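One structure coming up, written as structure tokens, with questions to follow.
By letter and in written order, the chains are A, B, C and D; residue numbering begins at 1 in each of them.
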Amino acid sequence: MLDKFKDECGIFGIKPHPEAANMAYLGLYALQHRGQEAAGVVSESDGVLTCSKGQGLVSDVFTREKLQRLRGDSAIGHVRYSTAGSNRIENAQPILITCQHGQIAVAHNGNLVNAMEMRRKLEKIGSIFNTDSDSEVLLHLIAKSKQETLEDAIIEALNQVEGAYSCVFHTKDKLIAVRDPRGFRPLMLGTLGESTVFASETCAFDLLDAQFQRELEPGEMVVVNRRGMRRSMKPFEEKPIRQCIFEHIYFARPDGFMFGEHTQRYREQLGAKLAEENPLEADYVIPVPDSGVSAALGYARASGIPFAFGLIRNHYVGRTFIEPKQSIRHFGVKIKLNPVRHLFEGKRVVLVDDSLVRGTTSRKIVKMVRNCGATEVHMRISAPPTTHPCYYGIDTPTRGELIASSHSIDEIRKYIEADSLEYISIQGMLDCLNNSSPESYCKACFTGDYVIPFPHQAGASV
Amino acid sequence: MLDKFKDECGIFGIKPHPEAANMAYLGLYALQHRGQEAAGVVSESDGVLTCSKGQGLVSDVFTREKLQRLRGDSAIGHVRYSTAGSNRIENAQPILITCQHGQIAVAHNGNLVNAMEMRRKLEKIGSIFNTDSDSEVLLHLIAKSKQETLEDAIIEALNQVEGAYSCVFHTKDKLIAVRDPRGFRPLMLGTLGESTVFASETCAFDLLDAQFQRELEPGEMVVVNRRGMRRSMKPFEEKPIRQCIFEHIYFARPDGFMFGEHTQRYREQLGAKLAEENPLEADYVIPVPDSGVSAALGYARASGIPFAFGLIRNHYVGRTFIEPKQSIRHFGVKIKLNPVRHLFEGKRVVLVDDSLVRGTTSRKIVKMVRNCGATEVHMRISAPPTTHPCYYGIDTPTRGELIASSHSIDEIRKYIEADSLEYISIQGMLDCLNNSSPESYCKACFTGDYVIPFPHQAGASV
Amino acid sequence: MLDKFKDECGIFGIKPHPEAANMAYLGLYALQHRGQEAAGVVSESDGVLTCSKGQGLVSDVFTREKLQRLRGDSAIGHVRYSTAGSNRIENAQPILITCQHGQIAVAHNGNLVNAMEMRRKLEKIGSIFNTDSDSEVLLHLIAKSKQETLEDAIIEALNQVEGAYSCVFHTKDKLIAVRDPRGFRPLMLGTLGESTVFASETCAFDLLDAQFQRELEPGEMVVVNRRGMRRSMKPFEEKPIRQCIFEHIYFARPDGFMFGEHTQRYREQLGAKLAEENPLEADYVIPVPDSGVSAALGYARASGIPFAFGLIRNHYVGRTFIEPKQSIRHFGVKIKLNPVRHLFEGKRVVLVDDSLVRGTTSRKIVKMVRNCGATEVHMRISAPPTTHPCYYGIDTPTRGELIASSHSIDEIRKYIEADSLEYISIQGMLDCLNNSSPESYCKACFTGDYVIPFPHQAGASV
Amino acid sequence: MLDKFKDECGIFGIKPHPEAANMAYLGLYALQHRGQEAAGVVSESDGVLTCSKGQGLVSDVFTREKLQRLRGDSAIGHVRYSTAGSNRIENAQPILITCQHGQIAVAHNGNLVNAMEMRRKLEKIGSIFNTDSDSEVLLHLIAKSKQETLEDAIIEALNQVEGAYSCVFHTKDKLIAVRDPRGFRPLMLGTLGESTVFASETCAFDLLDAQFQRELEPGEMVVVNRRGMRRSMKPFEEKPIRQCIFEHIYFARPDGFMFGEHTQRYREQLGAKLAEENPLEADYVIPVPDSGVSAALGYARASGIPFAFGLIRNHYVGRTFIEPKQSIRHFGVKIKLNPVRHLFEGKRVVLVDDSLVRGTTSRKIVKMVRNCGATEVHMRISAPPTTHPCYYGIDTPTRGELIASSHSIDEIRKYIEADSLEYISIQGMLDCLNNSSPESYCKACFTGDYVIPFPHQAGASV
């Protein structure tokens, strides 16, 4: 799939470690797929927190010099995407502020659904806002708390917000990781020698040689103190778990483990199920790279149709590509994908992708493939139709832009000009889960069954 | 004088003007001498304020593309220095925030002496701070105000702070310029056709072809509305005026008019008075460029001793100069100044400078001049001894670093190895004023007679 | 395979086209995999050639502004790698010079084996050299030619050199593409409306919507004049054809057609042959991405062993990665590849790669995979052992660094700590060719059977 | 004067010195006024020359990292301007080439008048040219020389060219500095401990703590070998000396010594002579900064009219200033100069400048000053009318652009709208020389009396 969704955010934390900022840099590097627009690290040295952040990829934002200035044995980090309207450097995270409890920094993944409502309330009593981010609301609530300890202040603040949050807080002497009671977003706990490490995905541990220990449980808070002692607590009211199934389908890196499932295996099973649900005769199964590859492989195995890399991705795609004035057919797609032309000549092909959002990209790919001589082009999507926007941390388009919210599958098929189009069923998607319960997932983007009512759509801090 | 003080800040505002952001860019460019570390502009278009700022010179921070994004017919701007410890981009101005009164941006020149005290109070009731800047306190107070109009909220906020402030506020539909009741820092009012323009110094008007109208009076607030209508008011309790005499001596550009005086003329008169107070025989009067030039010219005229440009300034001084490992004598000074060697051979010279802060630079200059063969080196300073730090917006060193706070003039003379050293007297400095009253000036840095008591030294937003 | 070889160069030319430089930019972008260290374009407007080049990726080197300055309806371009010792900007291409025949620019892919010898001769008669590149020799020979026309001068010059060259020359009114008589390096001819396009690989045509027409034949020269008329000639003595088989195995993009073969199909067949030559029982076939993927797929199909993406490539690898001080196991590999850990647990795996040069990377990958719990790790290489360096345009290491030049397969197996190691046989590799004759290929890197003797190794202009 | 001429070049060399490249960096920094468009350094380590150059100011071109790569104990450097049409990086110097004599680098100041003629000859025998620079001709001639030693080859080459050259050559083991027999351009010899230093002006020695020893004599060649031994020779036929008097008037830094004169003193004398030649009554003498300052001071002293800094230069002028769309009167001048407005009110002023080339800038300044209320504006030029272009290394406009070549003084006066306009007489200019003979100077730009006939105007390598 070709960047049809903006990725959400990735967060990281480590304490204590002699090279804390360097480790945060590496961790963010491994989490880069979760956000390419901005990156930041806050480290602590002698009780003073220092922040460095910027727009762009982790390797562009941080120079050796900048990393060296982030001294100390404790650090948190964040990668984020930013929507067109708000790619202000101010919105980059971690956010570092000072309040009566001292300095606090936070790296937040998720979206608080009552953020706008809380913000209005806070503004009414005179609060000022420097960013568009819902995470700033959280910091205001912490600052306003009369609790004696910062931990208690954080708990009090989190009890006032509703929605999705996996956060790592950094105070002058502690790292505090927390996952909301419904567990929308992932958060992993690892160890590296004496150090505790937190990360959105296990791939960050792999790169650091850290040991993955376990996922934070929904509603769990883990506090690491200056000496590295780790305490766990469950300070929130228990709620039904609603982990994001779209992480499995699209966001997470395939080489990871999340919510009890091995990501790549789950995707292959989705592909296999897709093949079972709608059998078909064809010459090749062709993945839309990169994220459709696992499902396509599963599809091919289950169907017995040969798998082929018919679409080659250009690995040098830069963000500031200069377009020619003259029209080139399917230019936007071709700059990223190129077909292996001869493969399609006279062949019936099944294209497997992991999502279909607006339909515009799929339409271009189908046409491109037909131009190469394919006689039949079948599109298979390893997710159910995306009919509803996400309010819990994924930057889906608005409902109006989601083609499946207003069109039947056959209408979409016609639009993308495919010979057939099938999505996996919701039940099929759930049947593929191996170790986790279907009830423990949020499927609102496919069902519209939002577990938390939302007043308005808040500016998401994903 | 060679950057012995960090410059303070410069502010600018214009409304309405079809090229508001471009005009702000030009205005800041003309005010560049007031701050070289960061620059920023906020413009307003369709009721939405947009901010662009960065570290470095105005011409480095703003590209054509960045300026084009600052649309609308109204803009404010700011140039600032930053002290070593806090050159964080977060501290750059204008600061743009959102609160119950909507978006507000401020460009502030000055220092609020009770900022730290107010900040502690605000933190206690749960406020969060994103910067080290005292200007943020001001925005919190405005946000907390229950006044109906933003103007009244600003007035209420300013009535709670003590100290020095010349500010231009930008709201979604107004520009509000204000100068504190004591008038520490300058603020000028000009017009450019139908537009109202505010700037720290008149040179900004010259570059824009704007007409200088008058200085804002101490305690005056001028409001410009969307259609360009201008209202003036005096909403604060009247207080004794205390304009900064150091602006005349050092900060302001010589080609300007401020506090009723022509800057260059005043400096020449200081030089002349210096010559009268301590007559001397010598072969040449030599300015320490650039800021000592006017006083030296006045000195030469009054004393009859020939004026000579014996020290040449290097105009290409960059901020990231790479030093050699091997020691070069007086390297730090030589990279900026080079003597006209033959001029000094066997001659008695009077060096005229406008200040002597730590004495280290003067010491290097005296040595450098002696190395060229000067037989007598006399140092003359066109200001009285700087014995006390400034708390009203100038980044003087701490008292301990001010050599005149703990050493007699003769001790300083010995330290800098001059044959003689004289400062202008405080009375002499005041006698040189032509159109303004000596009582209307703050001379605290020379007398320690601080008009406002200060609880602690706050992080100055100069 | 992970950048074990430096890629060689990519060349491009177009004439006439109203957006010639933009098309060259796009073409180079599609050829980026052939060289990431420098890129350049020369365009012609009103008979004057203008050059713009720089170090880095195409999208970094060219800004909109730079492209706009490359006016005219005719352009050539070049991407190159550069060896550590000579990544001087001077060596970037195209090289643009002036001589008695006027301005000439050249983009050259290949290596002239007698370049150093010719250079010594030229130096002896007083020539000066600005680069380390063998291409400069070619320009000297052209400049010295007494032929009346530039075409004849180019022919005369090329008749004096030996080795590999696919070149596009740009003169004030012509584009001249030429491929050496042995045809070592590829060169494709396409059309885009009235325009003639030349490119190293067909993928450049795909991106531009140009039609691939045919490959230039070994020894063919094609001249495009101002009006777009195209003439072909064969001005060189015919020689046995020796196309580089390593293009098929490793360099070329899989979505292309070259030397009569479809690249991806050939690679899959290599994988299949590899499976046939050395049958094996295992649980998974796992490609070393990205270039080992096609062969692994072919291997899996032929062997019936399931294919799995067990190694995930990080797509954000930057060139200036900041390493931590603390040692991380297999860091250099892990920053690029991460294993899907659970897949390996208790499994017997076959890793398929397309080459094994020094063995150090393979050794790290084998260890990484064993750390994930693999019980058996078999390495299969879809090329024969690389025993000899290339002198015809590929930057292989020196013979001493090629592990297969001095070690038996079993010794290599021990070094990389694999349970087994097999390479495809030379005969097997040739048997996989579908449309081209085994005799028409250069296999010197596997056999040491160099078709052209070389005096010394020249500085290659690949 | 405001950059009416492009500056010429500055050259530097040092050998042996443990920090040779750092010293070259500093030396070029001191010579920055001689060329702001490009800078470069070549250093030698273990017999290998390495070059680093780029476009922009010395402090922009060189980073710490780049300087560190320039290892070794020997270096040369160059700063240059570039005319609009040819600011190609290829034209930056030093030029480093390889030829039969090994590697040679040259930093050249001056212009070879027969360069184009020699280039045509060289092209005819097959030479290729990579730059537009006349210096490349020199390198070709050296490369072609059959002399045994490189010194002799250089002598042979220089004997074939005509014109202006001060050069420092760097070979694998020697530094060779040479000044043409007529001595058009300056070249200074200094020592720094055991090191020999060459520089265009003495200010480079001042910054390095090097001792100025003497000027190279016209026609002198100085060779420094690996151990630092220095030999001097005079290998060229003696010719009448023609040092550039315009260096005294405009180019050279005032704090230097050149051609036997102290630059600042000479300029003051020009000003005094100007006053004597055309007495006048006025209220103020006002310099056009920066280069008109010394002459204005001399004028004021001689005339008894008070000197005043009526025009203030903006020190932050960047090269990429963004202009507003709306017209601002005299914008181009105002961005650089601002008048001290009150000074001019009702006053008669004499503006003293050191040259008047096209008249456009003077015209703007006169208008700007009149707008401030000056009742009379008299312009005085401390040089004779510039009637002829320079072919010996100064980038004067073409003859058609030199207003004095086709207009009488009164016509120019009318054009610039001054009340009077006077230039110093040629005799007056010569009378001001103290230690050097009027015959030893080239005054061709004032007289048209060119000492060397020139075939066509060559692309100057100044």
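Here is the rule we go by: a contact is a pair of C-beta atoms (placed from the backbone, for glycine too) under 8 Å apart; a residue touches a chain by one contact, two chains touch by 3 or more.
Predicted, not measured: the structure shown is a model, and the values here were computed from it.
Peer 1: Looking at the contacts, which chains touch subunit A and subunit B alike?
Peer 2: Common neighbours, subunit A/subunit B: none found.
Peer 1: Average the CA atoms of each chain to get its centre, and name the chain whose centre is farthest from that of subunit B.
Peer 2: Chain C.
Peer 1: Using Cα averages as centroids, what's the distance between subunit C and subunit D in whole Å?
Peer 2: One centre to the other, that is 48 Å.
Peer 1: Where the centres are mean C-alpha positions, what is the separation of subunit A from subunit D, in Å?
Peer 2: 60
Peer 1: Go ahead and note the Å separation of the Cα centroids belonging to subunit B and subunit D.
Peer 2: 36
Peer 1: Provide the list of subunit D residues touching at least two other chains, using ranges where the numbers run on.
Peer 2: none
Peer 1: Make each chain a node and each touching pair an edge, then name the shape: line, ring, star, complete, other.
Peer 2: Here the contact pattern is a ring, one closed loop where every chain has two partners.
Peer 1: Could you list each pair of chains that touch, in label order?
Peer 2: After working through each pair, the chains in contact turn out to be A-B, A-C, B-D, C-D.
Peer 1: Quick check on the complex: what are the subunit D residues that touch subunit B?
Peer 2: 18-19, 22-23, 25-26, 29-30, 32-33, 36, 57-60, 62-64, 67, 203, 206-209, 253-255, 257, 262, 264-265, 290, 293-294, 297, 301, 306-309, 312, 314-316, 318, 320-322, 324-326, 328-329, 334-335, 338-343
Peer 1: In their shared complex, at which residues does subunit D touch subunit C?
Peer 2: Going through subunit D, the ones touching subunit C are 51, 88-89, 95-100, 123-130, 139-140, 143-145.
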